[in-house]
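We just call them A, B, C, D and E in the order they show up, numbering each chain from 1.
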């Protein structure tokens, strides 16, 4: 079957298999930032925003994304310029191996859209699904806070 | 290059497809592909004749030979009729492109393309070729000389296509084909000269020295009438040169081309056994 | 449109665009990058492939024209065991390969010749390869390589 | 003043500063950087047929149905592969691990062991083919616990005659080690207090987020190219050469970015299978493991049990320690001997004032997934036993545990005979502790946790109990006289440098730290250093990313290379400026004459040397092997609350302060500490590997195996206590592993403090704790 | 992975969806949020019927009840105004403990109940508030309680279209115990009480993840009728639950541990209800 999905503002008309997962479709389209890790809805490395909401692309059937809007980290920043969230993650050393980072950045983006100034416990609660095995989360929490300051204009 | 490719199964379908000013026939593709790639032509519709088996025929008509529009140079080279009955065409084909080009290019394509440098055209002009044209109003025939009216221009109108070319058998003529170019293989000539001679009769044609391949009819008549003994040779050559109108281009200047033609003709006809040997 | 043809012994069915050249189909869709694009206008022979036994310039052919044909490219010459075709072997042995860009086309022209004629004269070799330009070698070793390959093929046939 | 001391007081330009990770921008932008992110044409998808049995011989394999599936290209079995015995472990050569593994064998030794390789045009076809391959097994009795392994009735797991290096194959002992200094038993009898306890640390999964993956293809010259998510590209190359009997020169291993390793990618897991397919079909191949395969069929941590005896005088002075252990290496002996030895050699020297010390142990085979390298590498298992028994001893003596630990532990300038006796797989080296800020770590940790003001016991809600615990730890920095690293630096005419390193950044930030070291020596900003790691064709040799070696070993190699390059730059400048060398000094990207004031930029020097003047390339390779393995130290403090009604353990706060010498990049160094600590917390509280009765791992996904999330801990404070290690690059020691060593004992001690219950089996489970509480109440 | 799926159909009505299901139940799966279907490994499934277009994603106030479509997501339900007005923080807090944000954006009410997952916190919570199901099947629409729904043989089971939440003035509390923050419950417990002044008129004690499907502890509920709610009540409930618990062991916990947890969580839930009223 054929579906039409809009990824980061670009419309793709793509042939898919009936039981294909959005994760596979996106990777096939070249959005390699969407990572497969647990493949069982348990680690969130495959998080993308679907119509603005963070979802796990490893358990979204591509067919259900027909006509919808997907955002991945490839859509952030412009050219050489990093998005403030990316910048904060880089500066705070929130990324070690980096495998969980694109999905974490997208979840953070969604979080800061609904809660521009989250508390530490809100950050932990809302990002709980995003498993990181390298950093121990502390640097990531610092990064999310810093990103929120960047986005609110409290810090340059 | 973007176009729709049509592959008709019958000549009827072919005609249908051609009822469009933007359509171009694809035979061997050796010219059309280059022109399209360079953007010189941009047809919206390309019509391949590969499925039209009847256009792939070579037939012996007695005095004449009929060559279908889809017959490649290599097939002509392999054809026994051509080998026996049209040495001049084979000599010309031998000068064309490379093996790969000859495996794809067609003689009729060379006519349709109407290049002033067409080696096969030159041989066909010498062979009094008649072009068999099919079109919406039915079939018509035209001599190759009147069919080609300028560089890349012919009398074909919308919906018409060349079905075949019919040439005289010229095996009883002595033949000569000279190509002056910058290298031996795979080149477009600076000038080319074709000669057929049977006793007092001679046929002469030149390529790359005029907007179209030209026959030197006046000089031919002079030859038959006056011969070329003694002082006549110079006069004959001048009449030949009168028939051409070369231009300056990347390959050679107009002056050089005239000199080449002049020189080559002096060599050919100044020889005791004039035109008798194949110097190519 | 959908076309169907034999490629190096395998049946290929593929969807193509009307305006696609045979060369593009091979290189881009099928990933057979052995066939090279040198000039794009039939002048250099780097894109030579063999279609129904005849060497042709794949840059001057539409992919659609491959429908129903049998095509050979340089990739088909090396066996699945990695064993090279005699022409390939001879090109290396005789030092006929320098930069290598013209070589796939050159080898296909040579193969098409040797398939039809395993004892070509030097002139026949030259004629068969006249459509293949080489900028590095000066042709001498290439001609030698084809002669050498011919003798190996003749030997093998005995 | 010695040159070293001079360096110590110098203000650094680049080192000790938080520069962004050199690969950071690509990582936060989700750029295609990992092995699986690159698409290749015509690539075969590889899947493995795996054994459902823990121990069996293979009677027959019928692939005929599989081969009928459209798209299936090949099914390879042990009959199609060379029968070469090897070890998957990537470590020094000759390897201390036994050669007991075949790419595919006719015997399977754990559930999930590969029995056949399937290659197909699509993943779907490969998956279908895996199901269609029919394997007939003859089942053998399986050994599913360490206890059973050495019993006389136990079947022999490695009877194959090709194997070598196994300590006692018949008794399933892969490796054995023992050493004694002094007369331990005698002194233990003589002590005022002697206690004996048994501690058991269960296995743990690496659970790196990027699954094991590799791709292979033949390059145009028919060389085998492997692109792999590996920590050890050079070992991989060497091992592949052995397995397939192809020269090392015909193999190239490329390591792109790695999505986490922690030791889990320090062995051959996928490379041999894609290589087999590519060699058989001449086609590119790709194998990416599913999460289940990553969990059950790569490596896990060595489960270890220690019986420890400790004796002390009344005043708390520890006089003798004896540790007797057994370690479970699973089906294969990867890192068997070395992890056992590390559990002694990287713990016992902490208590260097003892009169006698004994360490012994057996590493046994079982029909469980093969254990291998994992961050800490035996040290946390050993430390769990050692630190807890010191804690228990203090309780027994009525002393404060931390006081006992402080008074007995090693300090700067001291040594331990163990350094010499226990290396990794062989003798170690004598060394003195040149840098040690253990006391500072303890003092700062006490402050951060509020040790002095701590109050324990039941909280006002009368259902939660609070407690505190501490643990001290040590690790090493590479393996002395074994781990070698090298770096090549070449200069470009814009004043930039290519830094080519064999060391593998697996997310640790080592590429960045190494670039900083090079930049410091060369007096340039970090952006002038273009780092490339690692590719066996282009980068010089390095043993790989393990044993906390990169900053220290590879860092010293980078420093050596950079120093040579610095000399060449000065030489070039001297020629161009026509000034004698002693006049010249480096300033930022320039050479400056102290005499004449003339200055020339790096860019001008290199441009002239390339194009116009005394033309040549500036470039050098440096290498380094540690003569010793400097020790990072750490103190960890835990504050827990236990729900006495459910047994739920709530880690309220954990503090770790570590001495890693100079932190080359403080943010990255801290990141290593925080990350390692979190893995230790996970292992202590959540990460519980379970097996079925037939030996199948049940916890193969993140649904059942709980990696800690950001909601699973309270406050985590990690800090660095800076010291200066004279043998390290700019004073640096390692920091990669130590963080994982201490959370288990610190939490165990805190749980005891809170509840009075001593848990001696990790991970600590609420259920177990609750039933202990209930049984005590009864 | 569902390797043999040939059709993905997106019907626009429940009737159409049911007809598609009836065509070949064995080879058909209904798709709601996708978190369960995507984890299926069945090679029998050939048709996926996606319910996304069937209009079941709304929460509406009806006379005497609230009807929540089966396709309403956990997060949507949790954030919904009608639900907040009716239940205060009960669903906001208890659903907040489920999975994680991403999962809550995906999992649906119907999709959580229909697969009969023992560990579903959603099911326990919904049973606690006395939810029933509006279903569509061969007998057209009918309302069933959650337990009865599963009495229907799976070969005839209708499609859940709505969760019906009664208008009633009860007190609710929910507790779950899990090994880590992002884990399925080792055990969960929902308690609802209807009180007349301090007298317990009626109650629902729902225990889930036992590890079996959530069930009401009716014997406990009966014992509580007409008791006066006071400081002793939590302790009484605790021992009643302890004595009447039925559950099992699995790799997460033993039956004995669950029995214990059930009694402790029940006590805490009753205490919490007590905090509201006392």
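Just so it is clear, contacts are C-beta pairs under 8 Å (C-beta built on N, C-alpha and C of every residue); 3 or more make two chains touch, one makes a residue touch a chain.
Values in this document were obtained by computation on a predicted structure and should not be read as measured data.
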{"item": "Fewest touching-chain hops separating chain A from chain B", "value": "3"}
{"item": "Busiest interface, counted in C-beta pairs", "value": "A-D"}
{"item": "Chain at the geometric heart of the assembly (C-alpha centres)", "value": "A"}
{"item": "Remotest chain, chain A as reference, centres from CA atoms", "value": "B"}
{"item": "Reference chain C; chain at largest CA-centroid distance", "value": "E"}
{"item": "Gap in Å, rounded to a whole number, between the CA centres of chain C and chain B", "value": "30"}
{"item": "Between chain C and chain A, distance of the C-alpha-averaged centres to the nearest whole Å", "value": "49"}
{"item": "Centre-to-centre distance between chain D and chain B (centres being mean Cα positions), rounded to whole Å", "value": "79"}
{"item": "Multi-chain contact residues (two or more partners), chain D", "value": "703, 709, 711"}
{"item": "Per-residue multi-chain contacts in chain B, two or more chains", "value": "none"}
{"item": "Sites on chain C at which at least two other chains make contact", "value": "none"}
{"item": "Complete list of chain pairs which touch one another", "value": "A-D, A-E, B-C, C-D, D-E"}
{"item": "Partner chain B, residues of chain C touching it in the complex", "value": "1, 18-19, 21, 40-43, 45, 48, 54-57, 59-62, 64-65, 109, 112, 127-132"}
{"item": "Touching residues on chain A, where the partner in the complex is chain E", "value": "1, 17-19, 21, 40-42, 44, 47, 50, 53-56, 58-61, 63-64, 107, 110-111, 125-131"}
{"item": "Chain D-facing residues of chain C, complex", "value": "31, 80, 82"}
{"item": "Complex interface listing, chain E residues touching chain D", "value": "1, 3, 177, 179-184, 251, 253-254, 256-257, 260-261, 264"}
{"item": "Touch list for chain E against partner chain A, complex", "value": "1-3, 5-8, 10, 31, 34-35, 37-39, 45, 48, 50, 52, 75, 96, 99-103, 105-106, 181-182"}
